[in-house]
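Letters A, B, C, D, E and F name the chains as they come in the text, with residue numbers starting at 1 for each one.
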């Protein structure tokens, strides 16, 4: 079992263990920002370099289907939370926004997994990642407030579209695409060679954060735990379905499944806190950080690979 | 203190969630304060369970020196806007300032 | 200030060594304060020579808003526990708060 | 507050440009204050356009507890030295302290 | 056009774009300091290693001419600002100090440019960079205040000579020189391999800062913009002249031109704020950060190369 | 002389020099934490990888002897400080705790020294490092307070055992051991290739810190200076003796001597400040940081190598 775990996931477990013991290994916020900036730029640049090598076809269809995927996942999550979970409307909407959106950290672990297994993926994936961040958040706000005049949509869209992760991913994509593989060689030692090491540091930190949120479950009960564990594989299956529609390769399908199964813990919480303040922010965060994230990186990704291998048309 | 040019003003201190910074400073600007000072802070209160305590975003501590009517107005405005759904704590003190013109 | 719902409370400010944070906040919790706010600080006092000034650990600045009896009690407790061996400085001020229930 | 050993002192708070820290603390030392506490801060005032706001250097917030005559003296000295060319804001409050000997 | 741009400059453009959109990509100050510390040490060490390989001759002459260059540029700038620009004496002096001094960030881009083009340069250049920082600042204060008794010269010189950039550059030079190429091998992965990546991060941040200062121009008018654009190439020509006098190679001449054409935005502002507080600090900073720095790294350096190729005696 | 100095030590001297000149080169605390986190994980992982290659034998004996070494050094230090130094009981106990415990920074320089000299060492050394941190601190508190009921032993042990350095070292060991050399390859660029560069940055900072503490000696007098210089070589000899008992190789003996001769400046000060507040913290810190640390990395480690070569049975 352990032999099949990616060593970088051990860093997550170290953080989780230290956090449970209440040991103070937290990195300063500045380091967390540095590491995540490097990861976002790297992911973008890798995609961009690949894009510069092989022109993408059918981009418009892929984009449309990705946006549709985001909408579909959010609606399903909302229905389940409101129906089976009997959460209030605002809480259902807020949690649905988190699960309809995506986690870049989970995506990064997926990228590292593919690299380790030697499975290639479409270069366009980081772009789809960006696309998936947005619709769930917008829809979540709509579900919570209706088409209320008081929502400052300009502000909300600004925050999401000009957020750190979207801009760094898109900026990296653009730089990688413009510079191409040769142009990026001089910066490769920082952005590419250190990628997995930085991801390890990031996962150590995520383990510590996840541990801080473990306690939240005593408050939020068994339904939320089930939701946070069952949604990822269910949504991953939907992701694989969409991957098949788009004609993605095995690697692309694994990544889209990973994205679909992941829950946002940065962009969505910030947007919901501003636009839907009545929602209980701890509810979504505990689920996304303390259950879904660990589930995905420990169990989910290899699982989605199996599923994709079985389900994808050959 | 009896220094010649000193005058009474109010110091309003606000402790709230860091992610409100942008919204709060805009509000203060809109309400016409002459200035404010912000420091990063952390703390404990009564609503921890509800907090979006995603580790890295703590509290901010905002100070505004202004005259009494504006302080009253701010207090009311911020209460109406933020008390219900956000973690926010405020207190008011008397201060003496040198250049009262600066503090409306 | 004459705003309807305002009440007098005390603001206790404590400046001390950063490495006391854990111990001090536990003490405050045990003494039953409703909350506190902490900021990182640096400074100079009279006991620099005795400080364990291992560069990176500076001071903390802790604020507690509470009623007068609790403030008195805190002041006495912290003095008894920390004055002899630690760098600690405290002062007390009057403040007006909106929701007195929050501040015991 | 009626605690036995408490005495009135003044708390002077100064908000100014971070790059003045070295100069300002030297000035305070020279003027004989017993101590001071500094926190990093940011803010908005009236002179933004003139600020050497090279992004990373924000404000500092300096607190000095001392007796009334020294507070008056500090206020005058800092005003004379910095008001004309630097961003600086100051206010004074009453505080009660436990060990008055520490605060000159 | 884009093909000829160094990819690291794309990071500057990303920062500039994000800044104009008011997106919050700023790195924490701690990271900025870390990155700039690494860059300063790297530049110094590279020079030092080269110095340890080939002994320098004629150093005294080079040093004398460099100091003279700093003085000359400051005086010219002062005359132009006071005469054509009708700025007050203190403002003219302060801006002149910025333009007579140098920008290490610009120099780093120059170093990266030479590496990319395969043009060698004299190892002594980092030393000249340090030398150029000082005279402009001293002269700027003199021009503003005259030989005033109230200037605390000890303090001013202390601040400049013991400033971060001077000490890290000189320290790096010394370490590189003492350790030599073999001695530095174990630290090469951090200081040399990551150099361009760290420079990319630095430029991203500089783009964001430059964007923050763009607004300053509404206040400072058309003369300052012209000054900030025309001074770099003019001063670069002077720099090439001095390079010819010193007998520098093409690479050395490009770097000296780059230094001459660059404007300080760290050492000079700090020193002027303390010693000449009457001067408006925003004036110099806006010019140096929002115009001159971008101009130099986007257009200037390749231009100076052309000029040096034409003008240098063969 | 300089030729024999490891270049990374030059960074310490640069920091020391800058610090003496009161120049402001201090890195932000966040960077210090990042760098030390990387170093601790690296040291642990290196040991762990080696452990995964060759199973350790006689571990129980090594562990027992190491704990005994910690106890012995603390008792000797206490006796000397109380007897010859006439320090108060609490101060003697506190300083003894520092010198009976160890400095990870010094150990890292020792590791770098061995790598440079091509001398292998037992993979178990990081584990012994962790073991040596603990007994001195516990014993120091006992010596200061007796078996006092008021000591919160649970709290003290928690702080030491779950401190950053212990957890990161042990975590690194575990990860290295589980992942093995192949598993760690993807993170090697960050944790192994950058090790010496990060150590250089760390030493630069340590030089600045040491300089800040130099002034402390005017207050603490000649005895403390002598103690801080003479204890390292004396304790290193004891360390070599224990290494012989354990049958360690030359490299292992050098590292154990380095550990024995080093004085804690992170774990011990924190623990003493909490558990023995009457002790003067400046006394121990000045000795450990301003004398013992520089002595060990500049002079001590090569000296201990000589001694080990002579004294170890062949």
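FYI, a contact is a pair of C-beta atoms (placed from the backbone, for glycine too) under 8 Å apart; a residue touches a chain by one contact, two chains touch by 3 or more.
Given the structure is predicted, the values throughout are model-derived calculations rather than measurements.
> Counting one step for each move to a touching chain, how far apart are chain C and chain E?
2
> Hey, what chains does chain B share as contacts with chain D?
C
> Listed by label, which chains are in contact with chain A and with chain E?
Correct list: F.
> Considering C-D alongside C-F, which chain pair is linked by more C-beta pairs in contact?
C-D
> Please tell me the distance, in whole Å, between the geometric centres of chain A and chain D computed from their C-alpha atoms.
From the centre of chain A to the centre of chain D is 47 Å.
> Measuring centre to centre with CA averages, how many angstrom lie between chain E and chain F?
41
> Quick one: chain A and chain B, Cα centre-to-centre, how many Å?
Taking the average C-alpha coordinate of chain A and of chain B, the gap between them is 36 Å.
> Quick check: what residues of chain D touch more than one other chain, meaning two or more?
Residues 39-40, 93-94.
> Touching at least two other chains at once: which residues of chain E meet that condition?
In chain E, 28-31, 34, 189, 193-194 touch at least two other chains.
> Which two-chain combinations touch?
Listed in label order, the chain pairs in contact are A-B, A-E, A-F, B-C, B-D, C-D, C-F, D-E, E-F.
> Quick one: which bits of chain B touch chain D in the complex? Just the residue numbers, please.
Residue positions touching the partner: 1, 3, 6, 9, 11, 25, 29, 34-40, 65, 93-98, 102.
> Mind listing the chain E positions that touch chain D in their complex?
Residues of chain E touching chain D: 26, 29, 32, 209, 212, 219, 265-266, 269-270, 273-274, 277-278, 280-282, 285, 289.
> Going by the contact rule at the top, pick out the chain D residues touching chain E in the complex.
Touch list, chain D to chain E: 17, 19, 23, 49-56, 84-86.
> So in the complex, which bits of chain E are touching chain A?
For chain E paired with chain A, touching residues are 2, 7-8, 10-11, 14, 17-18, 21-25, 27-31, 34, 112, 115-116, 189, 193-194, 196-198, 200-201.
> Where on chain F does chain A make contact in their complex?
Touch list, chain F to chain A: 28-31, 33-34, 37-38, 162-164, 167-168, 171, 174-175, 178-179, 183-184, 186-191, 193-194.
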